[in-house]
């Protein structure tokens, strides 16, 4: 568990880190906006209960923060709005990982909870401390918006990556000499299902956040929330598009395999049907009957070759007509 | 049929079991919350009609309690709310079983009906008798919530188990040397359909329970009901995800089988097309015509081997170019 | 056309049959509830127009009664409610048949129309005449409910029968040595589509009947209507479940056939690839070239057997490694 | 372009045809209902603009009348209601053709536009001129209803025809020795998609027509409009049912083909696997090695036959056990 | 970046081009409608911020204009309506390209932004400058409508083109000797998914534009907006129809391939099963056993031919009966 606190108002900003929640809460100053960040949810029971007392957090909210399997939601309480949703990030081996982020938004404080350590919120911290953009001039609601916005921007990075992989799959579906094709495809499908379950509920919940009549969200935040909603909607539509593309890939693969098998079958059939009859003929004259008059005709051998040649030509013509060659 | 009665208020709790409803109803004390539990629905007609008179239960409610095929529902009557839904549990051989649970919630009494005997509600009993958590301080509505919550928690246990089996199926879909694969898959599909018909109607009904304006449900239960609703929604989404994964499994299996058959076909084709022509050649020189000049050429045998070698190499090169090998 | 009339009030009940509507209408007594039943819709134009005059029925209602292809509907008119829906019954050869039933419900009269003769309503008649249950104590609306209820109970009988057949199809899909499998499956699919078109519109219409604010339906009928609605909803969900199961059956069949074909192909491939090369070898030494030194080596025959043995073993090992055997 | 005008009131009716709109409009009489019909939309710009001036038609309405690709719609303007929808008819070679019909409904006039010449409205004309049914007693709204009703009745004729063809396709799917099967199926699919795009928007638009609060539609038309709506709904459901049936046909065909191929493959496999080994054996004893002791054993030939017989029987037993035969 | 400005009122119109926004804004005259067009979005940051100051554009609107991946939307601000949507056009190699168009609509000014240079709006410019139609008599809202209308007309051109290609695909699905078939099909599918994501959101947004109660849109524009909406709806339905047709194409292809493979397999099976047994027979009499009595019977050779003939005829009859030939 790592704890940090940032305080700011239009005229200035400061940041502190602390080992215990007790110490951290001591740093709070009156006036301005306070941002408390909790990194890592192991062994933070003590810290959470301290927070809970200080800010009047409902016990069910604490449960939701600790249950990292919770679906995204926005919930209004008397003194605060509770927002929980997911972070999508690529880990060091470029595999996609999903992590829960929770926000408690009060009138002058934002408390954020991250599942693991990681520098994801660093850019926002820099914007506050360096007074970049409008963030220092706005309220705690804008800070919560900025955090959500940076998380949702991360969705597009992940989705772009997936988009590239899907194009790759489409090529492999047609060529596919790789045994890992189908398992890889299944993994991708499951990943998209997971992301879908992250993005769709967020969409609904952002829509309900927009409609909430709460003093905690200033009305000049409206265009920003609308923009956020548009972004999540776009992410959701992208997920659906990808799912459609992916669901076609296996079908394409089967079709490609069928087509290839068909052409292989044709070659086998043609070779077989050409040689089987003439092989029979040469078998006939390999028989050892004492009385086989043809064997003694002087030109029988050449006639046999001629007959076989005619059969072969006849079959090739037949196959050409049937469009098999 | 097993009957038990629990009474409690913030200051104390007691529990009794009885052989007849008559006896059981005698144990009721005024004040506090009463929980009557009926285990097993066989031969309980007499007991039900006694209950019905005492608490003013509508005849249709009694019918619904006894009809164990009823879909989950929440229904408001003048003096009580009737809730019927399903329990999912693994039996002793780890097979999933579904059972009906019904709740009648009045102002100060909760009556529960279970289809069979089983210790499913034991933890709640212990919480009441041992005064764990807030349960003794809350009303009958919270007791009903606690019962529903423990049943819905059981859904996730069952779904986790199914999730593991689906991953197993995905592996079998690709390897599948097991003849039981398809029937097992069908069984799983049917089980998911069954669970779906349990979870989706419950979702709707919980949502209507939240909106009911009834004096029987205290408004401080709202966050708990919302939490319950979120859990059922998550279960419902999990079921849908599993159904999607499962519906892909057969497709994957067919694709894997097609791919494997394609590679088997290739080997057959290649072996056949290589050997068929040269087997024809050796057949030719096995003929017994008296006049076959080649037979007497001293190097004819070696030339034949050479020709066959050239044909084989030629075909291998051709197949390599066609990317069949 | 068969006509019958039943009159009842809490204190008594009587029943008469008649050849003409004229005669039948003469039997009506004032007070109590009257139930007129018309069995068979051929040649009943005259009777209908007499009824129409007596009870003020709209011409479009008469058209709907006679058009037996009409989709289920509930329609409110000034003086009556018109309900038309379908009866599902098994005929004498256990084949499922669908028939239209129409109900005209006025304040004190229920008029029912059945497409053919049949004892379907006999149990209700017995309940009235024998004063079983609450039917004699309730109004005409309860009679209409009782009729609808008995028809909808018939849906479950038909659906249970279909459920058994679907399980049968699932077994046949995997084994299928029966040429009638696919046509039977198609018939079942069409039957389910038909039933669906009976059940879904009824669901909507029952829901609108519940919401109707009409003096013709007493409010103490509400729980009964809700129960009816629940039953139709359950039938509708069962139909959807069956459709899903059935739509998977053909896929399962194709998958089973593919799998079987794959294993057959493997045997063919293995036998062929093992014997084709060694058959070539024996062909080589069947050639009649005068100069084939191997033929005269004393142990050549045994060496040839050895070589062939090595080839066969080599290929079996190769196939084992490739997991084809 | 053909122009005709009909005038009627309860006491009488007359009809005239004219070469120009100028002439036609001259025939109008005051009082009663007027029906102007325009057959053929080529070169009717002049006529339309005359109509437009006379009845105050919006320019966009004129555009919609001339754009024969327009989707069905009902639009309310200040002085009139504009309805445009499609006629489905079988042409002389029994192929289905789709044509646009537009209606302008004012208080006392109905103007209809048909894409081509054709006697489609003849029965309505006869009902007016012959005073059949209630048409002469009703207003212009009833005339518009009668026209729509006759068009929608035509949908059922077309759908019945399609239903018969689909049953035909289902039989062909299982037998299919006809190369035109798949292209015919595709044509049918496209036709259903076209009809769907005709019927569904009409359904919505009729529903909005029912809800319109306009003095142009008398409230005693309500049951007729509801009936019309029911018919369109039934047509729409029939289209969906047909689409489902059709979408299964190709699957059935593939399944039937797979099954047949499987049984063909089995025969090939059995014949091959039985003869390949014994053909190898006879090849062995066709070799010409000088030292092959078996060749000289007197009963070797009979022993060889015995061995081959045992092999064949062994394999047949094996196949029987594997249920391949 | 190319800048142009057009001013007009019912009595006259003028047009100017400029290198900088500064210069362009200088050309504005009071009175009448002004249309500012910005072609090309590279390096136009400076110009946008000048516009933003002059017309009070929200920073998020500027971001949306520059983000060319934005989904179509209509957004109302205090002083203007912001509309962003997509242009579909065929480039010089007849490939379809998608480009973003944004419109800012104020009371007397329309500002348009195009992603690249191109003469797409030329016809509208000519209508203004040449005073064609009603455009000079209407307000800025009609100009915005005219621009949207011309863009949406372009959708139909693109969709017609796609429709032709789909028909082409359906033919190729059945014949398909072209290896590019499946990749081409995938490209088309992706293009349709792209267009869908352009058309559907536009539909919703036009619907919300119709419902907006804003002084910026005059109510006499209502029929035009409704018409626009109808067109987009038609485009959306066309896209869905095309998607359905396309999704069937691969299935048709697989079915066609299966059918063809089936008939190829049959030929192979028939040839093989006819020749394999008789080839075995000739093999038998090619054996070199010293004691093979048949070899010396004078008519054995002819009898052998006879037996083989009977076998062949027998098998042909068998196949005919099984309907394999």
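A, B, C, D and E label the chains in the order they appear, each numbered from 1.
Throughout what follows, a contact is a pair of C-beta atoms (placed from the backbone, for glycine too) under 8 Å apart; a residue touches a chain by one contact, two chains touch by 3 or more.
Fair warning: this is a prediction, and the values are worked out from it, not measured in the lab.
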- Message: By that same contact rule, can you tell me which chains touch chain A and chain D alike?
- Response: E
- Please state whether the interface between chain D and chain E is built from the same residues or different ones, using more than half shared residue numbers as the mark of same. different
- Message: Could you work out how far the Cα centre of chain A sits from that of chain C, in whole Å?
- Response: 41
- Taking each chain's centre as its mean C-alpha position, how far apart are chain C and chain D in Å? 25
- For chain D, jot down the residues that touch at least 2 other chains. 251, 254, 258, 261, 265, 268, 272, 276, 279, 283, 286-288, 292
- Query: Quick one: do these chains touch in a line, a ring, a star, all-to-all (complete), or other?
  - Reply: ring
- Note on the structure: The residues of chain B that touch chain A in their complex are 170, 174, 223-224, 226-227, 230, 233-234, 237, 241, 244-245, 248, 251-252, 254-256, 258-259, 261-262, 265-266, 268-269, 272-273, 276-277, 279-280, 283-284, 286-292, 324
- Any idea which chain E residues touch chain A in the complex? 58, 60, 63-64, 69-71, 73, 75, 176, 182-183, 186, 189-190, 193, 197, 250-251, 253-254, 257-258, 260-261, 264-265, 267-268, 271-272, 275-276, 278-279, 282-283, 285-288, 292, 294-301, 304
